[in-house]
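Notes follow once the structure below has been shown.
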Amino acid sequence: MKKLIVGVMGGGEGASPQVCETAYKLGGLIAQEGWVLLNGGWGVGVMEASARGAKEHNGLTVGILPDRHTDLASSYIDIPILTGMGDGRNYINILTSDVVVALPGRSGTISEIALALKNGKNVILLDFPLGDLFVEYQKAGIMVLVKKPEEVIEQIKKLFS
Amino acid sequence: MKKLIVGVMGGGEGASPQVCETAYKLGGLIAQEGWVLLNGGWGVGVMEASARGAKEHNGLTVGILPDRHTDLASSYIDIPILTGMGDGRNYINILTSDVVVALPGRSGTISEIALALKNGKNVILLDFPLGDLFVEYQKAGIMVLVKKPEEVIEQIKKLFS
Amino acid sequence: MKKLIVGVMGGGEGASPQVCETAYKLGGLIAQEGWVLLNGGWGVGVMEASARGAKEHNGLTVGILPDRHTDLASSYIDIPILTGMGDGRNYINILTSDVVVALPGRSGTISEIALALKNGKNVILLDFPLGDLFVEYQKAGIMVLVKKPEEVIEQIKKLFS
Amino acid sequence: MKKLIVGVMGGGEGASPQVCETAYKLGGLIAQEGWVLLNGGWGVGVMEASARGAKEHNGLTVGILPDRHTDLASSYIDIPILTGMGDGRNYINILTSDVVVALPGRSGTISEIALALKNGKNVILLDFPLGDLFVEYQKAGIMVLVKKPEEVIEQIKKLFS
């Protein structure tokens, strides 16, 4: 059976040490479940931390890079997908993910949440409250807010059990 | 000199008659300035209304379609660009626009606003308040909120004078 | 009625002066028919020459650029579409063109001819013999070889009459 | 160290049983070297056969699908990348591959060979003679023609030793 692919989105260079620590833990938990971790593939912020977490727990990591080369790829990415299409690759991130987890980020992360919801994906916000944004998806339970990485795993198990 | 390209984003099938009326007016004003109107190209909602407004005022209209064919294209689109890449085309919408105007919409429109800000484009919200979302761009004046189509034109003139 | 969009492909920096002269003539003829000229949008080779030909005969020109900015765009392009997706944009070139004309070029041009045929577009080779390549399309009349720009126009009229 | 990614291109539904048999063998050999096999991901022709060969020899397989869903994906693909961008994904195939192997195919395969050469990738033709096409790349040794799957492996080892 095909392994579940969990997309992990969130801030790049601007991500705080605390957010990166959470991303690292989440990556480890995803790996321990035997799931594939997917992210944007760069060696900074939530991308680097979540990939490192997954690799240090024997996971498999896929990075969907905006670039035509691997110069900026995290060394913790097993499969760097080179799209050469800049932020256009955000659409591929969310289509390829069976479920999308979003940690705190800025406009890039918001664009991925928006594309995920538009394309019928469930979104789990990890300590990233969005207020009334996408309130209809929140009410329908398609987008949920949790506080800890462990709760992300619980949510995913509920969705795919 | 190359004509200015103004991207007009907003709701599709779900857009209210009032929003469509505003989109129609905006399209007409853009055409009267001699600017090119760009949108997502479909024959519904803000896309249809803004293109119709532009064409009925002798404007030029470009639609960046998600499809591989013109079946869903608005008849008011002069140049239907067929991307065949679904919502991945949102990135092309904002790169190609010299400035982005957003009328009320849902997740698709939010994704375009987010991509626009991430890629250094100015965004003018037309009667589409977003609360605290992207507050740093609002404070910096990169994203502004106006109430009427005429104010959109004023804002654009300020940006490109 | 929507204007016909004619895609003109061919060599970039490596295009010979003779090929560029032919591209210039073709661009002029396309404009005189009232058709829209589409190409890759850069200010070199067949792209620059065909766009110049069209503009000097009051045509409308669309360039599908691989870039995120207009730095490399031909000054004869009216509508520069910024895809930010490198050669991935070749697919958009051929989807958007109602018919594809190919002047002598190298691997980029061959990729566009191949994608055009795969996606059901007619291809007119202008003084660009390809031997047995795509022979099944040649036999079926979907790809034809002509010698002069005037013959391209005749072929297009036959296809869309 | 990151594993080598070998792209395997070739015919889809129209591929002959003999070509599929060769693709199966090649997939197995790639897996035995510990390399990752990448292809277009569908459950037909060279894609299905090469992925099956790799999986039956404990390899890892990545499919770059044109679709927004996995309905057409080969069951032998571990990581289905959903691009939602049709043949535009051919560009991602070749960027992501460290080296491209082409078995007999038609226009889709030719487009991938052309894009690979344009983007500086080495191409190994496996029993797929192209005559004088891309002759300058053949002369420079960037594109080579071999007869057997074992020779493909030898060529790749030469390139990356």
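Residue numbering begins at 1 within each chain, and the chains themselves are lettered A, B, C and D in the order written.
Note that a contact is a pair of C-beta atoms (placed from the backbone, for glycine too) under 8 Å apart; a residue touches a chain by one contact, two chains touch by 3 or more.
Nothing here was measured: the structure is a model prediction, and the numbers come from that model.
When the interfaces A-B and B-C are ranked by how many C-beta pairs touch across them, A-B comes first. Ranked by separation of Cα centres from subunit B, the top chain is D.
For the pair subunit B and subunit D, the distance between mean C-alpha positions equals 40 Å.
Centre to centre, using the average C-alpha position, subunit B and subunit C are separated by 28 Å.
The multi-chain contact residues of subunit A, meaning those touching 2 or more other chains, are 68, 83-88, 91-92, 119.
Contacts between chains leave no pair untouched here, as each chain touches all the others.
Of all the residues in subunit B, the ones that touch subunit C in their complex are 2-3, 5, 36, 62, 64, 68, 70, 77-85, 91-92, 95-96, 119. Those residues of subunit C whose C-beta lies close enough to touch subunit A in the complex are 68, 83-88. The touching residues of subunit D, counted against subunit C in their complex, run 85-88, 90-92, 106-108, 110-111, 114-115, 117-119, 130-134, 136-137.
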